[in-house]
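Each in structure tokens, the structures are laid out below.
In the two assemblies presented below, chain A is common to both, partnered first by chain B and then by chain C.
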Partner chain A sequence: MMSDYDAIVVGAGNAGSAAAITMASKGLSVLLIDRSDPPGTKNLSGGVLWGNDLAKILPKWQSEAPLERFIQDKKIGFLTEKSSIIIDFKTKIFEENKVGHTVLRSKFDPWLAKKAKEAGATVIPGITVESLVKKDGKVIGVEESGDVVTSNVVILAEGINPRLAIEAGLRPPLQDWEVSVGVKEIIKLSPQKIEDRFNLSSTSGLASEYIMGNLGELNAGAFFYTNKDSISLGIVAPMERLRENGVIHTYDIIEQFKEHPSIAPLIDGGTVAEYGAHMIPEGGLEMVPQLFGDGYMIVGDSAGFGFSNGLVLQGMNYAFLSGILAGEAAVEAKSRNDFSSSSLSAYKRKLDNSYVLKDLRTFKDIRKVTNNKSMYTTYPKMLESILLEMLWERGQPKKKVREILGSCAADLNVGKLKTATDFYYMYRRM
Partner chain B sequence: MLKIAVMIKQVPDSQDISIDPVTKTLNRSMARNVVNPPDVNATEAAIQLKDKYGGEITVITMGPPMADTALLQLMGMGADNGVLVTDRVFAGADTWPTGFTLASVADFLGGFDVIFCGEETTDSSTGHVGPGIAEFLGYEQATYVHKVEYENGFLIVVRDIEGAEETIKIGTPAVLTITLNANEPRNPTLKRKIDAYKKGIRLVTNKELQLDPACIGLKGSPTIVKDMKTVPDPIKNPSKPTIEELDKVVSVLIEKGVVK
Partner chain C sequence: MDIKERLGKTKYDIDKSYAHITVDDRICEKCPHHFCVMACPAQCYTLQDGKLNFQYEDCVECGTCSIACDQGSVKWNFPKAGKGVIYKYG
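Showing the complex of A and B:
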């Protein structure tokens, strides 16, 4: 029996649309389905897009995509209750290359889905697929309202909580340790204010990421990005930590970020235009499921492709590349007219050779660092104490750095050995 | 077999719009476009009529090219054809040229037995366009309808008349405007949406319609918007009563014997 389509892609996010574009531009018949209308408008992420991979399928993305500001200024740092310790990296190299941009997904994703349509895919928004259809152990299509639409291969790009994949037994339900919760607000602020406040031009932007040393053992991070006429900010905390610490309302912790003395003045005069929350894959290699089988492949967040080391948080680039590679595997499978598991295993081989799985392998122990409570409780405070000792003239005899370190560690009740091992492992794993 | 049309409009989601205090225009930049909610009820009413008595449904909208998504959504519910009336010369129309243009389109498409509309749009709330179409075409009309039956060339409809219902029998061809929440609209299905996508939308411009430029778009619109104001929600922003006013309230309450 002939299938209705060569490929059905479930989910028009970065991974799904990238897969659809890759396949449709090579002449495959593609059906791309998304639950929201316009497609992708329910998607959410922090908002910094690194576009090297996107350039592979859409070379003109920088002039065509709805981008906000290119990242000229990248900050990483620690916040304590009263202080902020920031590394401010501003470079001409970012300006010359302009591959990192802030984006608003509610604008970007419909654009990307439109590109899939232009490439020849049938894009159907506003439909939630109910289940995968299997026959003799092979995935043969999708079902909705009692209708079955068939394809040679189904690409699951459902996002972080892949209901279809879970219900079809293609991956286990999500565990707390696999995900963080991101809570985000978009705060309207005039372009003039943004450019004055952050020392930006009309096209350049700032992306800051923080370790939240003022939220105790939640192991929370925070982000702060400038758009054209708004700020995207939010916090990210591991589900495990939230549950252990009895946090029920994540908006309480985003408020603590917004009220921090170094953040509050930056959003002064702004109004909250949107808010949202989303899960983020942070389980690393351990959460990556079987990525392909007879008639299916899993891409993007659904496959657990994300990277976080506490200070750097990325996912959209992994989504693009995994979508593209799955698309390529489908194109090759079509040329062989073989969509069996062994034929689609090309997808895994491509991933193995790409930075997607290489990164996850390289940083397979990173959770031991990002899970280390001292990273969020003790060390930001320690840094603060050291800087106070070194930079605050208050009529006391000055100490050598070694002495400062010793007394700060003693004040915070951390053993030197513990500190030494923590830093050793951080050095080894980060 | 009934020949049915549904006239619909894509509107900004009313939750997302505000009024720009300087330009006095609607700020729709943050707003997602949706099908005007009572138009979805109108489409459902049309589908129910078709299911019962047989027929063919054409959904029609006047708007920019991106309004095709609204038509595809309603075709996904069960409408058979989609017609998008799109041309720069139609832009800026108020309710008069809108009614005139849509009536002309209905005529251009050979006329209909029943034309469904929503009771009004959420972005202007005039309720003019449905009756306007009826008048321009010389059709019968019934407004604020929530139930429709068909019998030997006549429509038996139930109207909402603020606190009561009115059942009337009218002839065809007719225009019916359907109330918000008149029914529970069905969801579009994947299969129907794919069929709609394959079938496509018919585009109609003024090249085909040949309407007098003085009667369409901004030129044909007698309305001029002088001012727009955002009125603060009185419940969220109560003005503080003065002591004198409170005294007056208390004295009235004593007078009525509510308090002693």
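Showing the complex of A and C:
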């Protein structure tokens, strides 16, 4: 029996649309279905897009895509109750390359879906696929309200809530350790204020990421990005830690971040324009499911493709690349007219040879670092104490760094051995 | 800023005829932790006099409660036909 399409892609996010563009531009008949209308307007990210992979399918993305500001200034640091300790990395190299940009997904994703349409894909928004259709163990299509559409291959780009994959038994339900909860707000601020306040030009931007050392053992991080005329800010907290320390609402954590003495002045005069939330895959290699089978492939967040080490949080680049590689595998499968598991295994081989699975393998133990409570409790405070001793004149005799470290460790009740092993493991795993 | 006020800034097309998430009151009654109340970023789960109340209208479809609930009470689906949250910024 002839299928209706060569490929059906479920989900018009970065992974799904990248897969659709890759396949449609090689002549495959592609149906891209998204549950929102316009497509992509249920999607939400912190907001920094690294576009190296996007350039492979859309070489002119930097001039055509609805981008906000290119990242010129990258800050990483620690917040304690009263202090912030920041490394400010501002470089001409970012300005010369302009690969990292802030984006607003409700503008960016509809554009990307439009590019899929221009490449020849049929794009249907506002339809929630209810189930996968299987025959003799092979995925052969999708179903909604009794309507069945068939294809040789279904690419599952459902995002972090992979309902179809779970219901079809293609992956187990998500567990605490696999996800973090991200909560985000858009704060409107005039371009003039943004540029003056953060020392930016009309096109350059700032991306800051923080370890929140003021929230006990929640192991929460926070981000702060500049858009053209707004700020994207939010918090990220691991589900495991939230459950263990469950005495604070996730919607209050973001308020605490906004009220921090070093953050509040940055959004002064701004107004909240949108509130949203999204989960983030943080389980690393262990959460990656079987990525392909007879008639299907899994890409992007649904596959658990993301990278986090507490200070760096990336997912959109992994989405683009996994979508492109799945698209390529489908194109090759079409040329063989073979969409069996063994034919689609080319997708996995491509991932193995790309930074997607290489990164997940290299950093397979990173959760032991991001799970280390001392990273969020003891060490930010220790750093603060050291800086106070060194940089604050209090009319008292000065101490050598060694003594400062010793007294800080004693104050915070941490052993030298614990500290030494923590840093050794961070060094080994980061 | 109160969470209800913040949620008021977000755009929705609420499906009045279909609740995409449902909870089983009998299970919630016996729940030892009600972690959903802390975890849900949209305050869809609240406790009143020890009893769990749920509303889906403010849901931003993040899926957090589907994992937070380990008692088997939350039945979680996507809204139908483009209904639910519609981000203007995302």
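One rule holds for everything that comes next: the second predicted complex is superposed on the first by the 428 of 430 C-alpha atoms of A that agree within 3 Å, B and C clash if a C-alpha of one lies under 4 Å from a C-alpha of the other, contacts with A are read in each partner's own complex, and residues count from 1 in each chain.
Here is the rule we use: a contact is a pair of C-beta atoms (placed from the backbone, for glycine too) under 8 Å apart; a residue touches a chain by one contact, two chains touch by 3 or more.
Quick caveat, the model's predicted, so the values are computed rather than measured.
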{"item": "Which of chain B and chain C A:M239 touches, first, second, both or neither", "value": "second"}
{"item": "Which of chain B and chain C A:F423 touches, first, second, both or neither", "value": "neither"}
{"item": "First, second, both or neither for A:A277, with chain B first and chain C second", "value": "second"}
{"item": "Partner chain(s) touched by A:L44 [first = chain B, second = chain C, both, neither]", "value": "second"}
{"item": "Most chain A residues touched (candidates chain B, chain C)", "value": "C"}
{"item": "Which superposed partner A:D147 touches (first chain B, second chain C, both, neither)", "value": "first"}
{"item": "Which superposed partner A:I127 touches (first chain B, second chain C, both, neither)", "value": "both"}
{"item": "First, second, both or neither for A:I33, with chain B first and chain C second", "value": "first"}
{"item": "Chain B versus chain C as contact partner of A:F89, first or second or both or neither", "value": "neither"}
{"item": "Chain B/chain C common contact set on chain A", "value": "37, 41, 106, 125-127, 273-274"}
{"item": "Complex contact set, residues of chain B against chain A", "value": "30, 32-33, 69, 73, 76, 187-191, 193-194, 197-198"}
{"item": "Touching residues (chain side chain A, partner chain B) in the complex", "value": "31, 33, 37-38, 41, 106, 122, 124-127, 129, 142, 144-145, 147, 149, 273-274"}
{"item": "Residue ranges of chain C in contact with chain A within the complex", "value": "1, 3, 5-7, 9-11, 33, 35, 37-43, 60-64, 66-68, 76-82, 84-90"}
{"item": "Of all residues in chain A, those that touch chain C in their complex", "value": "35-37, 40-45, 104-109, 125-128, 160-161, 163, 173-176, 179, 181-183, 185-186, 230, 232, 239, 242-243, 246-252, 255, 272-279"}
